[in-house]
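Only one structure is covered here, and it is reproduced in the block below.
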Amino acid sequence: MVASRSYDSPKGSGRNRRTAFLPTDRLNAFADGVFAIVITLLVLELPVPETTEDLLLALLAGWPDFLAYVISFAFIGGFWITHSSITKLTEQEDHITFRMTLVMLFFVSLLPFSTSLMAMHLVGSGSRLSVFIYGLDLFLASFMLDQIMRYLARRPELLVDGLAKEELRVMEHQRLYGIMLDGVGVLLALFLPRVAIAIYVSVAIYFILQPLFFGRTLKRSLEKQGE
Amino acid sequence: MVASRSYDSPKGSGRNRRTAFLPTDRLNAFADGVFAIVITLLVLELPVPETTEDLLLALLAGWPDFLAYVISFAFIGGFWITHSSITKLTEQEDHITFRMTLVMLFFVSLLPFSTSLMAMHLVGSGSRLSVFIYGLDLFLASFMLDQIMRYLARRPELLVDGLAKEELRVMEHQRLYGIMLDGVGVLLALFLPRVAIAIYVSVAIYFILQPLFFGRTLKRSLEKQGE
Amino acid sequence: MVASRSYDSPKGSGRNRRTAFLPTDRLNAFADGVFAIVITLLVLELPVPETTEDLLLALLAGWPDFLAYVISFAFIGGFWITHSSITKLTEQEDHITFRMTLVMLFFVSLLPFSTSLMAMHLVGSGSRLSVFIYGLDLFLASFMLDQIMRYLARRPELLVDGLAKEELRVMEHQRLYGIMLDGVGVLLALFLPRVAIAIYVSVAIYFILQPLFFGRTLKRSLEKQGE
Amino acid sequence: MVASRSYDSPKGSGRNRRTAFLPTDRLNAFADGVFAIVITLLVLELPVPETTEDLLLALLAGWPDFLAYVISFAFIGGFWITHSSITKLTEQEDHITFRMTLVMLFFVSLLPFSTSLMAMHLVGSGSRLSVFIYGLDLFLASFMLDQIMRYLARRPELLVDGLAKEELRVMEHQRLYGIMLDGVGVLLALFLPRVAIAIYVSVAIYFILQPLFFGRTLKRSLEKQGE
């Protein structure tokens, strides 16, 4: 629908655009589908205790699964909000954004595996490797989201208007701290897996809350420009 | 699409809106995805008897699973209809509604776990705790839905028109009885789990049927105002 | 979006409509989600042989699962096409169509369970009951789809135009044979489960192919009227 | 939405179109749903090692599962991009394209089964048959996608404009090499399963990367025509 509307838009000639551009609504529908499925598949990994003894104790014993579940839910929710913020600024997609999104979703769709791996080995000899792999998966998904923003900021013909480029740059800049912190966490996982998990939790909170501050910051900075 | 359309809308300046608002269609697509996935994942918990003896008896023995399945299906269906009624009145989303919706969907996506937990422990020593956790999960999802309505009723710039605020208030007011009854059920679960389940069933029926009466009530009350 | 567009439509007053009507796009997104998830969850029930002996023989031994899979896929595909044909003629939804669709989707979402039940008991003493339950599930989903058409045909204010009512009636009339045949199959399942399965296969083929003929029939009948 | 818009379009009479055409948005939503679900269900087949010994070794021992996962992900991603490229050129659907898409999605939805089958038997006596079945599944999905393009190229009334037909032909022509190579791989699987897998990997890369070159080729060829 976006596609059919864009044919009438005044930017460039219809012929070139049809060849080079792809519909934003298909990208969004597929991405929303993958985000929604991954976020709900995670719950299947939560262990339902079969004990007839003390149910509360049995539930508490599953804490690594619940911790891993909450971290993954927060990251995927944050990715979804960030991706929505990006496509809000995007009028069209091209073959590159489709493929970059596919790579980003590859790492997102691996999360039920890496979450389950970490939950199973959080306590024990495999904790370093499993926390490393889990963090690496989160890092690569965040990194790809960042690359999509950088790419779009260089392609004004894909954006809704001239201000969008600046907004993408500010957004990407602010996310950078989160990604760098995430990278530090991944490296630390090989030595101090518990510290790494604390860092992942902080980054999840940062990614979820930061756009709230970002919204205000940008509004102020744009209002300043407008003066 | 909603987003791109809203840029041309006469409300406020385009610059502020772009920074502060998020696309309604992404929120709906993600929420519909989570609702649809959770409602269909529930069926995977239904036990398929492997017995070669009396299949009918084996199926009837799985009644706690079927009961829990039907209650959860009714609640999720009710949440979906209520959420559709809300977004019908919403023209745009902001960073707060995205996050509130994410928290609401967190409790919805936990339902396959809590449903399975209750079904497994409905008969036995874990019945009080499992019925309590299940009811609490339903209560928190209902409560978040309510908070979304309250928030939107205070943000006219996100709504389709001036009447929408009043409708949200009436809707939220009518749902309140259901949520309070639900809360009573959750507390009772710790003492009388079977009574709690009867209450959950009543609330599910109330949430499913009440908008039918609500529709008529509101129509009448608005017609009165119009006179 | 459909909703926001409909506010400007000339039918009736905006106030009444907002109270009584619900957005078609949410209904479609949820229904498409459930159809897509159920149709792909079915594949999880297909047995992957772990034998290191003769793989071909092991695969062929799983024929009841593959047969049940293909029948369910065909029925769900047919339901999806029929539902798309219905909503193509629908401009708006009301609280009744949302609830009828939810009940229809309840029986659709039960299909992974009933398909798995039939596949497991197709050979053995449970064949009559399992084939009966499976057929009943298909029958009730088909029946609800039929009831949605009947309801819409009586509510012209929900339809795209005056001809839509007649089309719904013709569609519903032609589907009736399939539903009646399905009902006969369900009853026969209690005595001759293999004959019942042959009937289910025929009905699946009928539901998939019939709209192709229906399209031509209706086009002819409407062209006649137009003369 | 597309449907309701198309009623006002100038092509042909409204009456005929309503009977013969179906909404593109429902087709896309259902296809995106199936693609997204299948691509994320695949991850459930990845084995999470339960060993407390050497976790790295245990992970590496699961290489057939990871290899099969990556190939399937690449193919499904490629199918999704190709399908988006097709529907970008499509204005309306008819009863034939709905059914062709359903058959294509049937083979796509079988992929979690055939991927799991190949992963389990990649090493051992079942390797020829399992690699053959897996490749055949990919081949049939690719083939159906090709048939949809051929069908659409002969139905200008379903396309967005006159140039779309030519684009579909070029696209379909370029995909042909991939499909033929895929077919060779399937046949080879019965004798040299490892060579077949190497071919599947090449075809996956070809399907993912080729539209990037295609975009440039077509743009050039159309610009030439325009001169």
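When the chains are written out, they are named A, B, C and D in that same order, and each has its own residue count from 1.
What we mean here is this: a contact is a pair of C-beta atoms (placed from the backbone, for glycine too) under 8 Å apart; a residue touches a chain by one contact, two chains touch by 3 or more.
Nothing here was measured: the structure is a model prediction, and the numbers come from that model.
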item: Equivalent interface positions on chain A and chain D, same or different at half; value: different
item: Cα superposition angle of chain C on its copy chain D, in degrees to the nearest 5; value: 90
item: Whole-Å gap separating chain B and chain C, where each centre is the average of the chain's CA atoms; value: 25
item: Mean-CA-position distance for chain D and chain B (Å); value: 36
item: Where chain A touches two or more other chains at once, by residue number; value: 1, 25, 29, 33, 37, 41, 44
item: Partner chain C, residues of chain B touching it in the complex; value: 1-2, 25, 28-29, 32-33, 35-37, 39-44, 46, 48-53, 55-56, 59, 73, 77, 80-81, 84-85, 87-89, 91, 160-161, 163-164, 167, 208, 211-212, 215, 218-219, 222-223, 226
item: In the complex, chain C residues that touch chain B; value: 1, 3-4, 7, 15-16, 18-20, 22-23, 25-27, 29-30, 33-34, 37-38, 41, 44, 95-96, 98-99, 102, 105-106, 109-110, 112-113, 116-117, 120-121, 124-126, 129-130
